[in-house]
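Next come two complexes built around chain A: one with chain B, the other with chain C.
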Partner chain A sequence: MSFELNSLLVSLHVTYIQNLGKNKDDLTYHLTAHLRMNAIYWGLTALCTMNHREALDRNEMIEYVMSCWDEETGGFGAHPDHDAHILSTLSAIQILITQDAIDILDIDRVAKFILSLQQPSGVFAGDSFGEVDTRFSYIAVNALSLLGRLGDLDVEKTVAYIVQCRNFDGGFGSRIGAESHASQAFVCCAALTILDRLDEVDAPTLSWWLAERQLPNGGLNGRPEKLEDVCYSFWVLASLSMLKKVHYIDSGKLTSFILSAQDPEGGGIADRPGDMPDVFHTHFGLAGLSILGYPGLVDLDPVYCMPAALIEKMGLRKGWQALERRAS
Partner chain B sequence: MSVSVPEPLRYADRPEWNDVAPVEQYENVNPLAPIFYTNEYKDATDYFRGIIKTGEKSQRVLQLTEHIIRLNPAHYTAWQYRYETLLAIEANLEDELRLMDELAITYLKTYQVWHHRRLLMLQIRKPAPELVFIARTFQVDPKNYHTWSYRQWLLAYFNDANLWIGELDFVEELLNDDIRNNSAWHHRFFTVWQSGVREGEEDRERVLRRELIYVKQSISLAPNNASAWNYLRGILDHNSIPYQKMITFVQPYTLLLDEQVADLVDLENPPPSKSAHLPCASAIEFLADIYEAEGGNSMLKATELWKSLGNEHDISRKKYWEYRIREGLRAIQT
Partner chain C sequence: MSHGVRRVLQNKEALEAKKLKDQSKIRDYITLTSDVLNRKKQNDWSSQAFQLTTELLQVNPEFYTIWNYRRRILLNGIIPQSTPEQIRDILAEELSMTMAALKVHPKVYWIWNHRGWCLDNVPSGPGTEQEGDPRGWEKGFWDRELFVVEKMLDADPRNFHAWSYRRIVLANMPIPKPLTAELAYTTRKIEANFSNFSAWHQRSKVLSSLWSKGELDSNKSKEEGASGILYHEYISNSSLKEFDLVHNAMYTDPYDQSVWIYHRWLIGSGDDKDILEREIEVIQSLLEEESGSKWCMESLVHYKRLLLSNHASTTDTSTLKRDCMGLLRRLLEVDPSRRARYEEIELEIARL
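On to the complex of A and B.
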């Protein structure tokens, strides 16, 4: 692209999201069936951030979510016929809450499913297959909190595992001993925030490590010597907002970077300028812009990655700080 | 030159699959989730659903799941069912591992490929060849997060001295290939400092000296390497050594090339190489941290260094350095 992309193409992105389900010729669409529930959550939340929630049909969405209910396990799969997984279960809960439809959920069963995934070490598995990751710890804490069932969780055990994932550079990894990664820093910070244990983080060192993710082109990477990617706009910024250090990042440069990754023809945002857009990067790019105070966007709660007003109404808002919303 | 490969015979057309009733994907009129398959994938997954329904565990199920996995390596149900089938029919798991070798290289970034190996290893329990295999995949993708995680798991789970013995050399080889490989630096820290004390490593003072020399020499070769500086800080923090002890080493890296004075070869303080880009921002940061820790008048020296970073040597983080200056000046006043 040779021309400047210096404003947010909201209506194009809204259309992009609306068109997502309509690509019948797209093999990739169905190959990503295992992400379908997540994709709907990303699309819905992106629309909320742009103040266009109504752009997708509410009833159809709820119907789809419930079609993914796995009666046997008490969780949600990514797609009808897919086994329940903690990833799709959280997305389902987030979608239902955002659509004000949480009443149709059997909260007891879902909470039981989530709690059943906690391992003796304190970490959570994603499903019965056994993959463990601090991501799943965050997902469990987030989901239980949204369901009002945090009281059922063994908090000490959960926190103890996360704390052991703290590395020498202040960052966090996916398991004990794993390399620091910005997305893992996010899930660990967010889980600890929800559990009111953010004091377990070495805030100065982690904040500095997160600030180091910004590259000369303005974009953020996930660990040293790796490429910039729009999605880190959220993982890094959300972490910094919980640590109340969003100002550590050059917001002008990051804003320009995210805007330059937009697709000016079909809408959507890509991982970096010039690449194909996808709903994942569209959502996280918009989330990053919201935290940076981009004008016209709606406040996003960085801990839950859901509309801030909604989280506040539920009494779940924690002490985070975003940049002030600019008028223009 | 491309060779056109004929599409494989559909399961629907294979007589040996006649006894299975294929189950079509749930057809939802919801436009949010329209389904479109290539015929091959549709056919294979229809028969997969049919197999799951009857609970069949057999050799042909292995063929079918392999087919699906090759078309879509992220289909986690197919992986799960395959693993259960392998156990149920008491298949040769080492043969399975060899098949996985082929898939791993093609589908390196897929979590399932590595988790499947982990499950197989829990049965086979021969980790040494796995380390060799992992080393091969690192030639293709030396920073693969899943692969490093798997290697760590292997070492920690089996925790055999014979497995650990070559690990430091292995890490050094990777760092020789790319001194900026953050995963390798992290693994070094894990191997040396976070996995217990092994035979031959009991003299922790010696280990510390060795690691300090190694990281300093790495910095000397390529000073603008965040991973190496993080490693240095990590060692010092882990061993409760004040950063101040490194001041003689660090100072030359904060100067220009023509300001260098060291002539003698000093193992404790290797100077910047002639091709280094100086001054080095990470070194200035480090020196500033030393002054900040000293407090008092030294804090002013720290703020001067932070100013030079924000204005000249690390402009990307100007806002961050301005913040450090403000905090530093506030500390002086109190």
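On to the complex of A and C.
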């Protein structure tokens, strides 16, 4: 690399995100259609974090989201004519709320679709084929909360399943018996936070386990003895912010690590330095930097992973704590 | 999402050439996709449509809608017209197809899900209860699946999709594998590589089940007039063996966190003072050999704090506190990244 990547290349990242929809002569663009709705949410939220929400056309975005509505199931697919799934449904809701366009949605139907995915054990499935995962429990809780429909949820049953996924290391797995993983720690902490049940977390043990995700190069891994990856910056920091322990991480070293994973030519952030950037890592890298108080960025609500001011305005803010925003 | 794909600087000509090459691929892909999605809209359950989903999924195994469509074709078109033997063969073919996909994409949720669905749909057979073994095919499928998942874990011993799937297989096998066999499997995995935390994790779950089953046995023996002591002896014997394995791993690589996290599970809340003191001694002598080992010091602080909180009346608390403070000072030097946490613990101890 020709120069040290020691600052955030905001305008390059904005351009990078704007160009994502123009890559139609790239095969990868077509092969990732099943992630399109999520990608738009990642791109939009990344832009909000950089205070450039207007960089993507609002009407075009809303129109696209609504073109993915699956009338038969009452949920959203990732792309027009793709099947509805809880993953793309949450992204669609998050986009519509961020764009202040939620009125366009048939909230009753979406809430019904989401609630229909809860299994007798309390966990949620991703779609009618029934893959279950605590990720889907978080998505359901997050979406219902954003829609103002948490009152329709069987909270006890939902919490009971999540609690059974807690492991001795304080972390959480995707299902009962599964190994702890930083991203599952995030979804379980965030679901419990939204439901005001964070007391179910063994906070000292989990904070210790999360602090041990940081590696000597500053980056964070998702499980013991694994490689670092920029996206864990968010999963780990967001969990720690709910536990009010973000200072357990060496923020200087993590900031440098995230910055070093930027692509100084084309913009965007990769999983680790020197790799190909993508919108997923760009968003979660920026989200991590925001929690670390990086100068000039906008506050992100770590529980909903959406702009903090928006969540606050909706009256949904919980008691998390990020690092104070630095002036320079 | 891309992981571990290196960024290469390409010159303009190379980029143009790639674009040109991609163009025909893109055209073919778009044509195939819209053909399949159109058939899906029209509820086309034909074997021709089925064949097209195979083609599409071979190019893009992450296209979840197409996996769904494929299952609907099987359920609505193909399975109703087939004999149990044919269904068995079709599902076996599905498993070979997904196996090939998993070799290239071992971390795609949708492929693992499809295998699980296939196994849930194995018909009963061969024959009937009177003549035959109606769960025979099912047994064969699940046995083979355990073999497959072991192959996947040989290739990547930390693949959490494979571990998660392994637990599903173990829970669904018509003839359950004994827990002791699974314990032996984790021993093999751990001994092959002490830093395989996935295997340590699995071991903690298996041992917990074994121990709680032992409790059932001890209840049974209680009814027969024996005492509950049997159970405690059983646990402490097996936990002694467990500590041997853990000490071996600690001494082999004191810088690997897997074993230290597992050790913390074995100690638990630290109610047993003898075990706590014994383990503190073991770690202390390791620290004498490896004076810079963060995990030795960090664990000593944790276990000494357990002594302080659980056994204050029978221990020398001022020495313990002084020990902890000394260790924390050294931790601040060897592990400055986690300084804030160590300083918080110092304050907590000072307040005791």
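The working rule: the second predicted complex is superposed on the first by the 327 of 328 C-alpha atoms of A that agree within 3 Å, B and C clash if a C-alpha of one lies under 4 Å from a C-alpha of the other, contacts with A are read in each partner's own complex, and residues count from 1 in each chain.
Keep this in mind: a contact is a pair of C-beta atoms (placed from the backbone, for glycine too) under 8 Å apart; a residue touches a chain by one contact, two chains touch by 3 or more.
Bear in mind that the values here come from a model prediction, so they are computed numbers and not experimental data.
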Determine, for the superposed arrangement built on chain A, whether chain B and chain C clash or fit. clash
Considering only the touch criterion stated at the top, classify A:D263 as touching first (chain B), second (chain C), both, or neither. second
Answer with first, second, both or neither: which of chain B and chain C does A:D229 touch in the superposed model? second
Would you check which partner chain A:F168 touches, where first means chain B only, second means chain C only, and both and neither mean what they say? both
Return first, second, both or neither, reflecting whether A:E63 touches chain B, chain C, both chains, or no partner chain. first
Does chain B (first) or chain C (second) touch A:D275, or do both, or does neither? second
Touching partner for A:G21 - first (chain B), second (chain C), both, neither: first
Does the superposition put A:I40 against chain B (first), chain C (second), both, or neither? first
For A:H247, using the defined touch cut-off, is the partner it touches chain B, chain C, both, or neither? Pick first, second, both or neither. both
On chain A, the residue positions that both chain B and chain C contact, one per complex: 25-27, 30-32, 34, 81-83, 85, 127, 129, 131, 167-169, 173-175, 177-181, 208, 211-212, 214, 216, 223-226, 247-250, 253
Using the touch definition from the top, list the residues of chain B that touch chain A in their complex. 25-26, 28, 30-38, 41, 49, 71-72, 74-77, 79-80, 83, 111, 115, 119, 143, 145, 148-149, 152-153, 156, 180-183, 186-187, 189-190, 193-195, 226-227, 230-231, 233-234, 237-238, 316-320, 323
Report the residues of chain C in contact with chain A in the complex, numbered from low to high. 1-7, 9, 19, 22-23, 25-26, 29-30, 33, 37, 40-41, 59-60, 62-65, 68, 71, 109, 113, 117, 158, 160, 163-164, 167, 195-198, 201-202, 204-205, 256-258, 261, 264-265, 268, 336-341
Give every residue of chain A touching chain B within the complex, in rising order. 21-22, 24-27, 29-32, 34, 36, 40, 56-57, 60-61, 63-64, 67, 79-83, 85, 127-131, 167-169, 173-175, 177-181, 208, 211-212, 214-216, 223-226, 247-251, 253
Quick one: which bits of chain A touch chain C in the complex? Just the residue numbers, please. 25-27, 30-35, 77, 81-83, 85, 127, 129, 131, 167-169, 173-175, 177-181, 207-209, 211-212, 214, 216, 223-226, 229, 245, 247-250, 253, 263, 265, 270-272, 274-278, 280-281
